Amino acid sequence: MPIRRDKRDRYVEIEVSTPPEPLWVRCESCGELIFRQKLQENQYVCPRCGAYFFLSAQDRVASLVDGGSFVELPPPQVVEDPLGFSDQVSYKERLGRARAETGLSEAVLAGTANVQGIPVVLAVMDFRFIGGSMGVGVGEILCQAMEHALQEGKPFVLVVSSGGARVQEGVLSLLQMVKVVAAREALARAGIPYIAILTYPSTGGVLASIGSIADLTIAEEGALIGFAGPRVIEQTTGERLPPGFQTAKFALEHGMVDAVVPRAKLREELARALSVLVDER
Amino acid sequence: MNEAERLKVLEEKAAELRRLAEENGLDLSAEIAVLEQKIAELRRAIQEGLSPWGRVQLARRPDRPSGLPFVQALCDSFYELRGDRIVGDDPALRGGFAKLKGKRIAILFHQRGATPEEQRQARFGMASAQGYWKARRIMKVAARLRLPLLTLINTPGAYPGVQAEAHNIAGAIAACIWQMLQHPAPTLAVILGEGGSGGAVALAAADRVLILENATYSVISPEGAASILWKDAKFAEKAAENLKLTAQELLALGAVDEVIPEAPGGAHTDFQGTVEAVRGAVLRHLSELSALPLDELLRLRYKRYRHVGSAGGAD
Amino acid sequence: MPIRRDKRDRYVEIEVSTPPEPLWVRCESCGELIFRQKLQENQYVCPRCGAYFFLSAQDRVASLVDGGSFVELPPPQVVEDPLGFSDQVSYKERLGRARAETGLSEAVLAGTANVQGIPVVLAVMDFRFIGGSMGVGVGEILCQAMEHALQEGKPFVLVVSSGGARVQEGVLSLLQMVKVVAAREALARAGIPYIAILTYPSTGGVLASIGSIADLTIAEEGALIGFAGPRVIEQTTGERLPPGFQTAKFALEHGMVDAVVPRAKLREELARALSVLVDER
Amino acid sequence: MNEAERLKVLEEKAAELRRLAEENGLDLSAEIAVLEQKIAELRRAIQEGLSPWGRVQLARRPDRPSGLPFVQALCDSFYELRGDRIVGDDPALRGGFAKLKGKRIAILFHQRGATPEEQRQARFGMASAQGYWKARRIMKVAARLRLPLLTLINTPGAYPGVQAEAHNIAGAIAACIWQMLQHPAPTLAVILGEGGSGGAVALAAADRVLILENATYSVISPEGAASILWKDAKFAEKAAENLKLTAQELLALGAVDEVIPEAPGGAHTDFQGTVEAVRGAVLRHLSELSALPLDELLRLRYKRYRHVGSAGGAD
């Protein structure tokens, strides 16, 4: 599912789904038919037009860490569906579907890993899982990951791919913003480095909490970075959005991130960042 | 005659009986007790009868006690601080130093405005990046001076605008949450009206969070939730029910620590009574929190948020 | 010596001198002849056009504190003319003239006082004394004043009227910026409130140190607030200065100060600020 | 043949003699000693013969070792941090994390640029408000991680511009000074070229301040002083003498703590030698400072500045 921008350089959101695996995938940005294996080898960037496809948490982990080094942290037990939420579909059903589609227990996958030999605790969000939204489960996984980094004295690395808070958990989702910042403060007090990697999309309550307060922040080239969605801004204020609004470049120019890096170079960039942040072993 | 009007008649009758009893030395306690029970029942019925959606309407009333007039009534004195020191000022999120019953505090609050002109200027209480950067600055000044921090929340949410994004409103909200968690003195948040999303939580990472009886606190507006999940804003009422955004529901979820009762018709029917009720609750909580040593305060604050939502809920 | 603005709302600097005391003074802004006593009663604001005249440190003290409550702190001993500086006039001679003209030992006057009954340590800069510039002497007086505030647990109040660092003391003037911030940090660590009042002019090294880091900052209505002088900006960058540039209103709109107050209301405003910052006695 | 050229000839001759002695097992130590004495004398003469104004010219050379190339040569590795998180980024003041001989540090430096295009982009090393707000942010990140902070100074001064004023450049400089004084790890400043006014001191509130032999540190440019005090910029040379802005004068005044020698013709004639000299001095001072407990470090830092200029001078 590629991420496109329209002629005014805004993002066009494309529905996410996991189709049965065909051998060929069509790039919805340029129309090209791409051999799936080729696309995978190119880290899900269209070889023709450079459009970024979503990366699953599992693929993202694979693209960043040393082969075989990732060990998932035990997933925590949390209350599911604390509000008993139901819209057109019950939240429990949505959760079940997301789990089946993604192979993840929640919208974030956390574990220990090595990045070019440097041990880290890594958490990767997955937009396919209910928009990568943060509810109690995501908050808990993030906190436990940070606590593990604290105990082990390892840097914490977070890859953001989230539309914001999980609506179906109401105010409890909102309060995860406070919870994850509290855990981040514990890291800061211990002097443990924290690196954030912002990808498509990094918005809402995740950006307005853990996503914005790293010691070092890298934006993936195809990222969307912003608090409010472009459509909400246009509808609420009637403002015309400037070209390139909320792109990684926009974030860099407005002082929000330290670097913008193409996906193919992200692993190397992360290793370079980590190497200046950890003492020689 | 609706329930609110019937309630008013009963209250007047009770007051009259009490006056008579006192002036004439009569023992009317039995009659008064009967009346008071009726009043309590009616009051409960009115409040309980309000649907979540009805409370959302109440919480959004522009004449709800809030903003500068409320701060001025609540505090002995207030000195406003302005500006984020980098970009500008924001009339939708205000704050400064205040005296509350003789004690120094710092205060932050949303300003929605009562008149259309005020509302336009304050963007209906939607603060922009400058507002939250200013709030962070004021929190830091308060930290330097070891002042307890009181926040009064009433906002539909943070302002969604191009300039807000260009000045990193997300980072400003995150910085407020972070700064508030580090605050080296008691912190107390009171949700007076609408506690809308990130714009509210930026000021709500407090030791304790209180809420007025008809105020709301939600991750998204019911209309927003309806648009996203039902694909139709007309399902707002249904969304409001699902979101568990009313004071009692929030208390059950552990999202807030206390519900401050309102006058029967809603807080806007009794400005002074609302002020008194909030003042009483605020003073009580600040007094409790001030008795704690700083490391204990920070430990409890961490605990308050670390397990929020993890330990069960309304299931 | 009134402060005027030209048609483009910029300040016009007018040479400062102490003429023999005539009974009448001409307002250089509107041309009005004003009876000197009347001008004094009006706190050196032109009764006709509202132009602000410079206020000497002594007059400023009198305008702010309770009558008779000001007690000057013992002026410190510092090395005079540490560089042996001489331009068209030797620095020693300039110092002597400034002392004779102002009745001050340096460009700042510091002491204890009461403001509507609230005890404070007050330091007032005087633009007539070599442009209110900060050299070692001014830095030392400011530090000792802050240290006195610290010892006594009294709020520190500073009235800025300074063109910046004292050129004739070279790098030692520059380092006073660090010195006064170090003393201010000691106040912060002890939780002692510090209030700054910015007047005409609050510029250069004084604004870029002690002038910008108060807990509460009030601008006098006629203030000039900026790092670089308007002429320097125009010459260096060729930029056209916007209307009202570096006025108190500009500073308020750009988030730099907490309030803008006319001179006549400054005392009351200061008392109001102090009253929320000190505990009941 | 000028003095610098004569020096080069002598140095080549000495090198030749040393090579001959080694290759052929000859004892030429007497001849070499004579040459070395001549070299030392000539070197001293050249350096001492430089007027303050001459050093100002040297300090301002665009090819002086400084900026990004210098940082890259000085450090094992460097990761740049960008942006102030509120307004934007500034190419004239840069910084980030670095490794220096295997140790983690944070680094801040002015970028003047070598080519006209680079210079234009970096405004000749005059950083604006965003630059100093970014510097303050990086100082805070470094404080969180307890990293020693190294600053490399080379600026004509802070940028005088409308946007700089609108974003409170004075406040940004003050905030840098304040933050640097609070830094919970060693801080070290090295003045590489021009140490111009507020733009320099913002990065110079360090535990120790080192300076290259021909660098300057001044409250105002000589031209500026001449314009103000002599009412004529042509008196810049005279102002330069009066301002006591050369390394040795600054050392005598207690404004700097150590002078790092330069190659005879000036640091620009020997980039690698300058890098080595600076690295040696930096490592030595950081090692000394790192041995101090934090409270002692902060106590000494306070003392370093509290009495600057009070205790006497060049009189």
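Going in written order, the chains are labelled A, B, C and D, and every chain counts its residues from 1.
The definition used in the following text is that a contact is a pair of C-beta atoms (placed from the backbone, for glycine too) under 8 Å apart; a residue touches a chain by one contact, two chains touch by 3 or more.
Because the structure is predicted, anything quoted here is derived from the model rather than measured.
J.: Determine the shortest chain-contact distance, in steps, between chain A and chain D.
T.: 1
J.: Any chance you could name the chains that touch chain A and chain C both?
T.: B, D
J.: Let me spell it out: compute each chain's centre from its C-alpha atoms, then which one is farthest from chain C's centre?
T.: Result for max centroid distance from chain C is chain A.
J.: Roughly how many whole angstrom separate the Cα centroids of chain C and chain D?
T.: 33
J.: Could you state the distance in Å from the CA-based centre of chain B to that of chain D?
T.: Those two chain centres are 53 Å apart.
J.: Can you give the whole-Å distance between the Cα centres of chain B and chain C?
T.: So the centroids are 42 Å from each other.
J.: Quick one: which residues in chain A touch 2 or more of the other chains?
T.: 212, 254-256
J.: Do you know which chain B residues sit against two or more other chains?
T.: 84-87, 167-168, 171
J.: What is the complete set of touching chain pairs?
T.: A-B, A-D, B-C, B-D, C-D
J.: In the complex formed with chain A, which residues of chain D make contact?
T.: These residues of chain D touch chain A: 77-89, 96-99, 102-104, 130, 134, 141, 144-146.
J.: Which residues of chain C touch chain D in the complex?
T.: Residues 76, 78-79, 81-88, 135-136, 139-140, 143, 165-179, 181-186, 203-205, 207-213, 226-229, 232-233, 236-237, 239, 241-242, 245-246, 250, 254-256 of chain C touch chain D in their complex.
J.: Over in the complex, which chain D residues touch chain C? Could you list them?
T.: Residue positions touching the partner: 158, 160-162, 164-171, 173-175, 177-178, 181-182, 197-198, 200-202, 204-205, 217-220, 225, 228-231, 235, 238-239, 242-245, 250, 253, 255, 301-302, 305-306, 308-315.
J.: Enumerate the contact residues on chain B facing chain D in the complex.
T.: Per the stated touch rule, the residues are 84-87, 129, 133, 167-168, 171-172.
J.: Tell me, which parts of chain C touch chain B in their complex?
T.: 188, 191, 193, 212, 215-216, 252-259, 272-273, 275-280
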